[in-house]
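Each of the next two complexes has chain A plus one more chain, namely chain B in the first and chain C in the second.
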Partner chain A sequence: MSLTDGDMATIWLTLRLATTVTILLLIFATPVAWWLATTKSWFKGPMSAIVALPLVLPPTVLGFYLLLAMGPNGAIGQFTQALGLGTLPFTFWGLVVASMVYSLPFVVQPIQNSIEAIGNRPLEAAATLGAGPIDRFFTVVLPLAKPGFMTATILGFAHTVGEFGIVLMIGGSIPGETRVVSVQIYDHVEALEYAQAHALSGVMIVFSFVVLLMLYTFQRKRKAVGMTYGR
Partner chain B sequence: MKFKKWLGLIVLFLFTLCAESKSVHVAVAANFSNTMKSLVKEFEKTSDYQIALSFGSSGKFYAQIKQGAPYELFFSADQAKPDALEKDGLVIANSRFTYAIGRLALWSARPDFVNKIETKLKQGAFNKLALANPKLAPYGAAALEVLTSLALIDTTQSNWVMGENIAQTYQFVSSGNADLGFIALSQLLGKNTLQQGSYWLVPNIMHHPIKQDVVLLRSAKKNQGAKAFLDFMQTNRAQHIIAEYGYLASNSLNVEHEL
Partner chain C sequence: MADNMEEIKKATTSAQGIQARFQLGFGQSAKTHFELDVEIAIPGQGITAIFGESGSGKTSLLRCIAGLEKNACGCLHVNGELWQDAAVFVPTHKRSLGYVFQEASLFEYLTAMGNLRYAIKRNNQTTNPELLEQVIGVMGIAGILSQLPEALSGGERQRVAIARALLSQPKLLLMDEPLASLDTARKLEILPYLERLRNSFNIPILYVSHAVDEIVRLADHAVIMAQGKVIAQGGITQLFSRADLSLGVSNEVGAILECKVMERDKQWHLMRVAFNGGELWLPNVENKQNTTQRIRVLASDVSLTLTPHTDSSILNVLSGEIQEIINDQDPAMSLVRLKVGESYLLARLTQKSLQKLALTLGKSVWIQIKSAAIVR
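Showing the complex of A and B:
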């Protein structure tokens, strides 16, 4: 088991990517989850389906469409170019956007489940005590839905680390920018460097096991509703 | 009565077994996929054998074959992997030969790059340069040699984007994400390919020849179809199709033809 400098660089890049994606997703997914948990709109069904699409679609499909959409002729590409940001494929931020799409359901759904589990009564009680909507969110919803947020954080992070198909499609394997651990393992296997592939894969297996162990130990302690995700 | 019911199923089952034995499983390097489809079409005109094609990168196929993947033929993108399989004892002796020699092309899908590809490369007037990962793909290694001989490594390196194989490199250029890309000429030629933009055919002397070898795998010992297809590959008819897709002559048959 020996990791080269190149391998270490991919590990750091992967951790940086997963952290960035998780933080951004928590900010972005919370309002979505809140809306899905509380709305009575007819659009709830279609919206839930859109959020869940990445669960079903093969990453190659997502990757291919993101490559086209974020390219110079695609809608997202034209938008980012108009902003003077250039195009996103082959950049770290391109991977961030793609990973956010890919990991979206893993963050939205646990949060949504735990908000739904709170129900209306605590919120109504808070309202009668004079708490406004924002106050209610931070003093009632956030503490009560904390297990859901924990699950969302762990799953979002772990799922981004395990991402491969999309990164391969839009990454371009640039060291320090888009070459993450999963791509590096793939490259090692393709280049017949099986010993190095083993070493890095071993790290991934240990990491994944520890993350899932954390998740399930945490769930057992909490026995919280809406935490059965992934069982 | 009951037996009759089962009989139908049994006959059906035997039938599927027969159909199975007639098919040949072939692993093909991504750069050869267009050409191979044409070859199979031609082969199946005169043969009862069914050819089942799988396309991918040679490195992946090597790993799979080592682990017992049920392919009878392996068309690699290089000579190294067939060579390694031979050393592993997974190949039928003396079955290996060079079926094609690849040509490298620098392609751009941009209409304003027509006839200026070589200049644009040398001037560095492009956003990204796509190439197959030189560590993995022979076309990538050849691209690296070309950049070395043009003394462009240092100036262009920061603009490289690497596909894990030549098919993905093609995608980077065709989707407009990279202005330029080193790909296989065979990906641009052939009857069914829609042409976009233009290419610069890289002179042969700028890189080592991209010799692509095929081997008959040990699992094909009793498979007549695999042998028939391999024989077909050496006919003038097959060599003509291969040349049509932009590969260089490889075997003696074709050398005579060329002379």
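Showing the complex of A and C:
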């Protein structure tokens, strides 16, 4: 029971995909989370629902619409073609875009919750000390919302590693380009290569356990620190 | 009030002092609706107390001045600088102010020194090391600079917060009941630091409080607020000698006199102090640098006689004239305002005595003062 070169390639591809998606999501989801945490607009409800949609929709539904949108006649497809990038389905970057949609709530929600927990006071205190809005974001929001950002990073990464349905819809199974671990396991099983499927599945179980262990250990530590507030 | 306003405006020329006018409404329903509608003029130095009961709008006024209430309309000049009017709204971070909140509101992830540095980095001025040293010294926080806020006591946290506000080198320091979240022992611990702050730094301070004892000890001027409006403003001695304001609960009502120490009597441990209208003997306090003392005479410690009594144990007897008689909340009592030379005293008497002695406006009386407290 050992991993073949093909298996290793899928592992590296999966890690590359998850890393790319996590970094991009942190950049993209932070303003969304900030807006959701601070807005009083009527649009907050609809926006929250849109962000949360991937939590409830079957990945095939998301994948189907993304496939249409990124296809030659879809809005995203037209746009990428106009930029001279061709179409995204069945490419690595197509997978990145699809994964970002799929993992969005897992990154937005922890950040949003931790920003909401900060409240106004630290920001007001910073403003009275001469800190402008951007300064306040980096010197007050980021340090205070750090647990939220940590949780968002871990969840976003792990959730991207664990996706299957949407990859199959958007990416197919092109070695080195879109064939991630979950798809490779599926292919092994289809080909009745159970030993290979076992090996890769085992890796996934260990990985998932370690990630969740990290998450909960980290959250418990934060809570203990939070308890010693004031005296 | 109107003439006071003129007086203060004259004293605070356009280049000096703080002139503010604000309107701000909260709450939609009639039940929760609160409206702030104030106009104040404050001298550009010393401590000005903003006094009033909870919900009178003190904190809202302070937040308006800091620019933390974005919906407030009005105008604000601070020492000749325009901070707000119909067309201009200088955002909080561009106003040269320091703000001390009720809770210390330190950045929990920075040490005490880190909190001070946060202010120093952003004050747009050069902070010479002597100032830093002076602030740390005055606030007595040298020993705790490396600690995180969570390791500090409530009083220490508040002292760090005050030091942090000072190090932004503000033109105006706003303090919102900095002692309210502390117990009595901690309050007594911090009050001397606030007095040193007043004496060491030449920054005008707006000090919100509902505690009469803090105000008479710290403030030079006061703005009295009720239900979102200013009901009186002016010098502290003048305000506290008014019978109609009844500042604080009835047993706290009392006049303030600024006195000069004339003589110290070693034999009887007394000192003779003079105010604008008479002299008093008080228990001697050995306080070499203070040649002026602020004395508070509670209305309940003052009694009146029609003839001078020589067979009384009361040491301080003054002659004065009845200026005003006001009914107390307690139907048995009344509050009498007395003119003594150029100063005023208040006496809390029963209605019965008032009638028995036939006390009326303009009548000359002898004033017996049972005790007087040195508040500063």
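Keep this in mind: the second predicted complex is superposed on the first by the 223 of 231 C-alpha atoms of A that agree within 3 Å, B and C clash if a C-alpha of one lies under 4 Å from a C-alpha of the other, contacts with A are read in each partner's own complex, and residues count from 1 in each chain.
Everything below uses one rule, namely that contacts are C-beta pairs under 8 Å (C-beta built on N, C-alpha and C of every residue); 3 or more make two chains touch, one makes a residue touch a chain.
These figures come from a predicted structure and were not determined experimentally.
Look at A:Tyr186: by the touch rule set out above, it reaches chain B but stays clear of chain C. Contact with neither chain B nor chain C is seen for A:Thr39 once the two complexes are overlaid on the shared chain. In the superposed model, A:Leu144 lies in contact with chain C only, and not with chain B.
Contacts of A:Gly132 after superposition: chain C is touched, whereas chain B is not reached. Judged by the touch definition given at the top, the superposed model places A:Glu124 against chain C, while chain B stays out of reach.
Within the superposed three-chain model, A:Pro89 lies in touch with chain B and out of touch with chain C [touch as defined at top]. With both structures placed on the common chain, the touch criterion links A:Pro72 to chain B but leaves chain C unconnected. Touching chain A in their complex are the following residues of chain C: 66, 68, 91-94, 97-99, 101, 103, 105-109, 118-119, 122-124, 150-154, 157, 164-165, 168, 174. Contacts from chain A toward chain C in the complex involve residues 121-122, 124-133, 135-136, 139-140, 143-144, 228-231. The residues of chain A lying in touch with chain B in their complex are 64, 67-68, 70-73, 87, 89-90, 168-169, 172-174, 183, 186-187, 189-192.
Those residues of chain B whose C-beta lies close enough to touch chain A in the complex are 57, 59-60, 62-63, 84, 128, 130, 133, 135-136, 160-164, 168, 171-172, 175-177.
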